[in-house]
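Letters A, B, C and D mark the chains in the order given here, with residues in each chain numbered from 1 onward.
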Amino acid sequence: MANPIQELIAKRAAQELREGEVINLGIGIPTLVSKYVEDKKVFFHTENGMLGVEDVLEEKMDPNLVNAGKQPVGEGVGSSFFNSADSFGMIRGGHIDVAILGVLQVDREAHIANWAVPGKNIIGVGGAMDLLEGAKKVIVTTTHTSKDGKSKIMKECTYPITSNRSVDMIITELAVFRYLDGNLHLTELMPGVRLEEVEKNTEAEFIKSLE
Amino acid sequence: MANPIQELIAKRAAQELREGEVINLGIGIPTLVSKYVEDKKVFFHTENGMLGVEDVLEEKMDPNLVNAGKQPVGEGVGSSFFNSADSFGMIRGGHIDVAILGVLQVDREAHIANWAVPGKNIIGVGGAMDLLEGAKKVIVTTTHTSKDGKSKIMKECTYPITSNRSVDMIITELAVFRYLDGNLHLTELMPGVRLEEVEKNTEAEFIKSLE
Amino acid sequence: MMTTMEIFKTEKEALATVQSNQTIMVGGFGLVGAPLTLIDALVELNVKDLTIISNNLGEQGKGLGKLLLQKKVKKAIGSYFTSNRDVGEAYQRGELEIELMPQGTLAESIRAGGAGIGGYYTKTSVGTDLAKGKEIKVIDGEEYVFEKALKADVAIIRAHKADTLGNLIYYKTARNFNPIMATAAQYVVAEVDEIVEVGQLKSDEIVTPHLFVDGVIVAKKVLTKEGVVDNG
Amino acid sequence: MMTTMEIFKTEKEALATVQSNQTIMVGGFGLVGAPLTLIDALVELNVKDLTIISNNLGEQGKGLGKLLLQKKVKKAIGSYFTSNRDVGEAYQRGELEIELMPQGTLAESIRAGGAGIGGYYTKTSVGTDLAKGKEIKVIDGEEYVFEKALKADVAIIRAHKADTLGNLIYYKTARNFNPIMATAAQYVVAEVDEIVEVGQLKSDEIVTPHLFVDGVIVAKKVLTKEGVVDNG
């Protein structure tokens, strides 16, 4: 069932991708991005060991051909398979152009937290830390607030951070932020969103740099 | 042109190999060993990136199919190719059963010197150090003395050593030595060789353990 | 490996040497590329206090998840246990030790173990809780964290085809951790869809050369769209 | 890599961005698997003070041996220079710096460079002259020597076939250092026997996925039984 907020965010993220880029999509909203690349030729990499991931029709699903979210995927022409050490060599080695990731929190220095919640039984990190170290550009796609209405764009992450590296861009259903020169810049309001809404729902300070 | 001394040493070395073993052959006398394995099924590994090396007839030689000595070789049934990092992973990781190597010198602690001669323009080490660290068993094949008649089995190597690791066995045209419990043991005289000849031509102390 | 590769008829024979307190690598990403037949055999063995190195501990009650429920796992080393909630519960009850690693670090440490590398430096996890207590080294002005190689007594892996020498090829994303685990254990058994004659696998397409493999067995449990089913 | 792979008509275009003082990885084991066309183009370039990372510096007057004779090489990093006696002579005359590494360490350092590993510990060379001045670390009771990753500005490599995306496969032992060098440089050009349509190389047999490759060119110089000859 398509969630219109998630689809909106994914569609906006897809606009950031450029012809020929190699993209790694995280679990959740990022996975939806591939639907919106249209006729741009980009290449999707998945950390379990494949380059050339495509969407797949249900009748063609193969249980042994999956992405990092363990969802069945398709195999584009010119795709290739490799082991997990080689796959993370590509990630850490700087060979992935863009990683699009979900987060639990992101702070004013664009550090993200997306792998652990203190006191909860979440014992998993997966490839998130590697992608943050290695991808040339990291885009965060997230709802602006959590279910209880609190801003996910916070002064400081209260959950454990995923990396020292700041992400490059944050896309929510309300706005687009870029992290430049040590500051979060609000560069875009999503269609129909007023500045006050963004201000009200964003805990971290940001600079207004609307284009 | 077959050199009978070299052939004799190679033939004796081949007797040490056991069915199913994976063997890496160095340059020089070791390369000759493959001729003498007869119907024992062993597998030759070469560090430039191949498992399943076989001898090749001249008319079938392929300039892009070579061993570590850059000599054309054949491709056995079930052979495989891999890159040099993976090949040395096999070596360092302990996946090679036996390495047979040539030496310039070997000392009473079975350390070998085979990669450098002080004052001479020899600037190469190749895979020798890796093989000494990684191979489960190392056999040295060498003429007993150098061209000027000096013993190659010395009290102490005067050339730079190749590894801290002691080799397991030394095979020359005069004798076979094994390194056990910190001592060189003379375990075998080559056919027609008298003990005195070995004593005269061996500078390092050894224990007589003839079987 | 041993010098002669064995083709096993039963999974019990294939795992005859497994003992309590051993470290066992298990291939797969979730159930994809996991050696489901050998995992079931492991569950049946009368052993305990195993250390399991695997990306996940299967799913709830499936794959390695069964081994966990039998309390045969002392410690799990992997990157993502969230998908099996039994893991978190066993951990909270103090019945299970966990060593959580970034997925790339897990893969690299296994590769290092197989390739005779003692340890290495990665930027991954620097500045995070997972780097706490670990050595940091500055290389060319950047911080890296030291990670040690991982090795195991036994690796059970999943491949697509084996030849009778033990050469292996893999199927699509069922490759994942399997080829690297094949290099990093004393004793390696591969579960495959098919065993073919030597020469049937092309020398340029072999992913795991036979020198890494001690035994092979044909899979009796396979992953299908309908879940895990018995094979033939 | 750049985001779009280029198919070059001339080797001069392929190397248009190469500059003096750069570090260049060159594939091959001797002349086997060496990018002979691109090496010849490198010889023609008006550049100097190059650092060359390659197992050998070709043979006397052949392959990289030509580049040496032109005095364009400031430093050579490799494992075996004995087979080209010009190397020793240039070194003795003080015209060439040499960094000699065990072959496995050379290969591993290149792989590390491509895989985002800052450095690693190997037992190889411990206790020898090649470990002098290097950090030693004891891991599980054994001594290891620290080795740093190697990276380059440019890699010129030799493959067998490329598809139009830049995926590569290799020919027999001409594979050697080529796939790892493809991962470890900012700019990677592959010289190949043939460029085929996308889809012609099977997804399971591709050795170098296209994300590593910036450009390809069809080989004009090839190694045959009769030596290096012009191709067609």
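Note that in this section a residue touches a chain if its C-beta (ideal position, glycine included) is under 8 Å from a C-beta of that chain, and two chains touch if they have at least 3 such contacts.
By chain, with names taken from UniProt: A, B = 3-oxoacid CoA-transferase subunit B.
Just so we're clear, the structure is a prediction, and the values are computed from it rather than from any experiment.
Shared contacts of chain A and chain D, meaning chains that touch the two of them, come down to C.
Comparing chain pairs B-C and B-D, the larger number of C-beta contacts belongs to B-D. Averaged C-alpha coordinates give centres for chain A and chain B that are 55 Å from one another.
Here the spacing of chain C and chain D, counted between their Cα centres, is 33 Å. If each chain is reduced to the centroid of its CA atoms, chain B and chain C end up 35 Å from each other. A separation of 28 Å divides the Cα centre of chain B from that of chain D. The set of chain A residues touching two or more other chains comprises 75, 81-82, 85, 88-89, 91-92, 133-134. Annotation for chain D: residues touching 2 or more other chains are 108, 111, 115-117, 122-124, 170, 172, 203-204.
Applying the touch criterion to all chain pairs gives A-C, A-D, B-C, B-D, C-D. Residues of chain D touching chain B in their complex: 29-30, 32-33, 55, 79-83, 85, 87-89, 91-92, 98, 100-108, 110-111, 122-130, 170-180, 207, 223-225. Chain C contributes residues 108, 112, 115-123, 137, 139-140, 142, 144, 148-149, 169-170, 172, 202-205 to its touches with chain D in the complex. If you check the complex, the residues on chain A that touch chain C are 46-50, 61-66, 70, 75, 81-85, 87-89, 91-92, 116, 121-130, 133-134, 160-164. Put simply, chain B touches chain C in their complex at residues 18-22, 43, 45, 51-52, 75, 77-82, 85-86, 88-97, 133-134.
Interface residues of chain D facing chain A in the complex, by the touch rule stated above, are 1-5, 111, 113-117, 163, 165, 167, 183-184, 198-199, 201, 203-204, 206, 209-212.
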